[in-house]
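Here come two complexes built around chain A, the first alongside chain B, the second alongside chain C.
Up next, the complex of A and B:
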């Protein structure tokens, strides 16, 4: 095996096809898109050189600022929600439900296999106010409260979005973190217990540091997924009310494909790429810290 | 020597494999051209394809009916094939297909600026010379032709499959029960709405999800107040939507929302729900186009009954420069013909047959008035249809609608922000500023 992997041609043959496919479907469109961001136009009327015009527009465009702010706010809140609830569920599986957790794991994971659009429509119906009250508003009325038009204000629409995305993904992160937690050696846990550690102290000083790598992986998965959120937004709020729940992805899509401005759409895409890169770098930097020394 | 030969064979094999893989990938990435070779001129399509907006059921129903009856011969030579696309993504789909040279033979397009762009780049046919060549140019109503030209930079870039006027449909029974007469001014309309609201009747039914049924009210108020050229002045840069008179119009409509006249959760109401609310007697008025006559004439949808529904023009604004008899008119979505296939014999036969028979079939089968002549007299289905037809034939001038001359970005912004405007989360000034910004930056 060492001889095979030491041979440059063998490495080229093994890596070549995957690299070729990756380059064609990932890298080429990326560089292409960067090229577009210096142009104005679309496939109908053609492209003209626009220099840094799209970037200066990006700098001064209130819609782009709003979308960037919403994207960051949404990513932070939903990532914390998904990973925290997932971690709590994983702790529940490992320390309380133990072997009996299989059924609960499957049930909690279930929303993950549903198409996001279906989940979006489900939540829209759950929280609707017209033409009939959805179950949530009916419940509010039944307990003597006023029904809420959840999708008419930014704050309440954001709450529904967060609840939906945390509910949809928590099962996935619970399973991912569960896989990390079952790898924590029993003898270390046992010796910690003998030393008097239990409950929160056990989690804080033993379980958390030992499951830290998988926690970091979950965070990176989650933050990158939530920064690029698209399919949750469209069926539930379609970026509204107004454009207050429009993330960068939806703005980019509308700009390029609805408004027919590929150049500015590509500039927004580039901004999103840079944001993803920066956030990932920050998470990696933080993950180098050794929790056992904290 | 043998080793060198084996190595070169391997290299050749490797290169061939790479080339084959690239070819496969390239062919997988390429789009299909809708059954015809790409490029300009009169290509031969494999079908008379029609990309229809999902929500518009009338046009494809008429074309399907024609394919079975009057245009059966043309359909045999070139079968009709219909595809649908939700209107929210129609503009995106048309742009993508145009970019791939894969436009269908005919299609709906809801953004006039896109049609103008397509026409300028030679992808959409100017139908005036084509219909003249086919000898059927007289089959189009002159008023419909002028509306099309007003929309598309002076060219006949679409067939007026519908010719609509817009106004307010009202429930006669509800009006009579509350002692209301048909309002002729905006102030009277608002006073009637207030009486209805006090009596526990929802005054207006409107779809905030679509947005346009609300922005139409803003546009009409502007036309009545500032005159029929008010929106053209905005398009030409002579006026701005942020000018006080324009903002005042948005404020008038926002006030209706603030008073709760559109009912609960207007932002969540879709088109069908808004229509259904009115047709089941749960709201007194509905701002809509004459295309709704097909729903009004359908007893399965209309439990109020067509005889109990009346039609009134958008009221005048006291002291305004516009007139109550300037009806907002449009051609619905308009059927656009791809240049790629125009002048193909079978396509031209189809277009000729459509021009001669569409008007009659649309009125007879769908109770909808089109921009084509009705060559065989069709008795009106009900009184409200007669009223609308009479209004259309006697109207002396018309106006467009709020977004008619906007680019795609301003249209989306306007329709997206309509619900926040009437639900109070956006002020009239903010609404008009957002649309004006989109108008400026998207042009």
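Up next, the complex of A and C:
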């Protein structure tokens, strides 16, 4: 029987095309890109050997430092925001809405499927100050406060970015974490209550540790997405003011396609990849250690 | 209410009291939540019906002075949204078809078929989940230019297919895990070849899974900006996302009504799909995330 399920010709026919496409579009270009990072030039002008020049440039380039710093700052803040708000929503679903929560879950989830470009343009308009006060500034003026030019300073532009990305994905993380919370057994909750645990203490000592695994996979998923942020930035701030909201992805894109420097662009892409791998590894390690402690 | 036989219904009722939030507080929280979700959509829609002077001169909270539906036709024709939607469809649906075909076959080969090295092969596919798309863009640009296909939609179709294969293969092989192998052994006894069993037995069995994965990938590809921005150097090839990003350029000065109409077309298109298939979409999207 295993001869049939182990038929080499059938395996080749079924797996071959996928493996071929994957190799040609992903694997080969991945290594090719590493090769590019040792060169200077682009497709049109040709490439010349540059040794470790791109990497030493990366080491000393203030734009790259700023992009790396922004990427990390953004990833940490948005990840914490998404997962924390998502967790609070999930608690709300499980403990207060129960069966009735299906409709709310579905409603809060929907921004996740919207095109990020459209959401970015929408939020830009919501927070704009010129040519016309957007709804947020209008509201500030109506209650007697000063309007804020959100996109003219780094701090406020960052706030709008975070608000937008939390708005976009909190419903997604809520549903993800809800699945973990529903699995917390009722008898454990009940016996904890009999022992006198209630309110926040119940959440902190019983619910939180029991939903820890799903919380960790949410964190890993979120940080992997936010480190690669691109679609949110372009329509909302386009990296500005100055280059203060430019993450590595956008810097890489501009370097390669605006300045035609594929070598340096590839070096930035490689840095991004390494950062993604490292951060995932660290979160994974930390979560493993905490699990054994708790 | 015995603690010995826990049921799902009573514990939350007690928790409601024990967590210290009253009925009213929950009501208020819910109202705020719904407003946060819905108000931006309503505002966007109302603004899409305003004329330029209406938008510029009246409060952004005001209703349109008259409902200018023609903003939508302006966006669709003069703003080229119609062309962009067509381009998006021409890039997205062939990619989806390829992805599902390749992914289902690969999932079957990796999960149902028995051979040495299949775990390693699955691992190679999984590695692709970790790598940012930025890593493959520049070499692909060179490849597509050399191959002479850079003025077409083929770069998009190929890149979407390749870059989304890891997730598709991963999800399909997870779904195949639930299908018992004996099924195919029985089919073999009845004289069906393995390729035949794949197509006529396994594919109908994972039909639901294929739909779920298809939906997930549809949203990923339809909403993509990075790949589309990289490989569509000419405006006639722009997808909806690229077109929307550069929308204001079409008119010289910003025409706010048509701009919001264009955003609405983009948003309500995906919302319409969500309206009908939300449970499947939610399950698919969150299912794709829990792989850790």
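The rule we apply is simple: the second predicted complex is superposed on the first by the 264 of 294 C-alpha atoms of A that agree within 3 Å, B and C clash if a C-alpha of one lies under 4 Å from a C-alpha of the other, contacts with A are read in each partner's own complex, and residues count from 1 in each chain.
To be clear about the criterion, a residue touches a chain if its C-beta (ideal position, glycine included) is under 8 Å from a C-beta of that chain, and two chains touch if they have at least 3 such contacts.
These numbers come from a predicted model, not from an experiment.
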**Request:** Examine A:43 and indicate which partner it touches, taking first as chain B and second as chain C; both and neither are also allowed.
**Result:** both
**Prompt:** Given the touch rule stated above, what does A:257 touch, chain B (first), chain C (second), both, or neither?
**Reply:** both
**Message:** If we overlay the two complexes on their shared chain A, which of chain B and chain C does A:56 touch? Say first, second, both or neither.
**Reply:** neither
**Prompt:** Does chain C touch more residues of chain A than chain B does, or is it the other way round?
**Reply:** C
**Message:** Taking the superposition on A as described, I'd like to know which of chain B and chain C A:228 touches: first, second, both or neither.
**Reply:** second
**Request:** Applying the touch criterion given at the start, work out whether A:26 contacts chain B, chain C, both or neither, answering first, second, both or neither.
**Result:** second
**Prompt:** Where does A:270 make contact in the superposed view: on chain B (first), on chain C (second), on both, or on neither?
**Reply:** second
**Message:** After overlaying the two complexes on chain A, where does the chain B footprint on chain A coincide with the chain C footprint?
**Reply:** 17, 21, 24, 43, 131, 257
**Request:** Spell out the part of chain B that touches chain A in their complex, as residue ranges.
**Result:** 18, 21, 25, 88, 91-92, 95-96, 98-100, 114, 117-118, 120-121, 123, 263-269, 273, 276-277, 407-409, 412-413, 416-417, 419-420, 423, 425-426, 434, 437, 441-442
**Request:** Could you pull out which chain C residues touch chain A in their complex?
**Result:** 3, 6-16, 18-21, 26, 29-30, 33-34, 36-38, 40, 43-44, 47, 55-56, 59-61, 98, 102-103, 105-106, 108-110, 112-115, 121, 124-125, 128, 130-143, 145, 158-159, 161-163, 165-166, 169, 181, 184-185, 188, 193-195, 198, 219, 222-226, 229-230, 240-241, 244-245, 259-260, 263, 266-267, 270-271, 273-274, 278-279, 281-282, 285-286, 289-292
**Message:** For a test of understanding, state which residues of chain A touch chain C in their complex under the given definition.
**Reply:** 1-2, 4-8, 10-11, 13-15, 17-19, 21-22, 24-30, 32-33, 36, 43, 89, 91-92, 94-98, 104-119, 121-123, 125-126, 131-135, 138-139, 167, 171-172, 175-176, 179, 185-187, 189-191, 193-194, 198-200, 202-203, 214, 216-218, 220-221, 224, 227-228, 230-231, 234-235, 249, 252-253, 256-257, 262, 265-266, 268-270, 272-273, 276-277, 280, 284
**Message:** Applying the document's contact rule, which stretches of chain A touch chain B when the two form their complex?
**Reply:** 17, 20-21, 24, 42-46, 57, 61-62, 124, 128-131, 147, 149, 151-154, 238-244, 254-255, 257-261
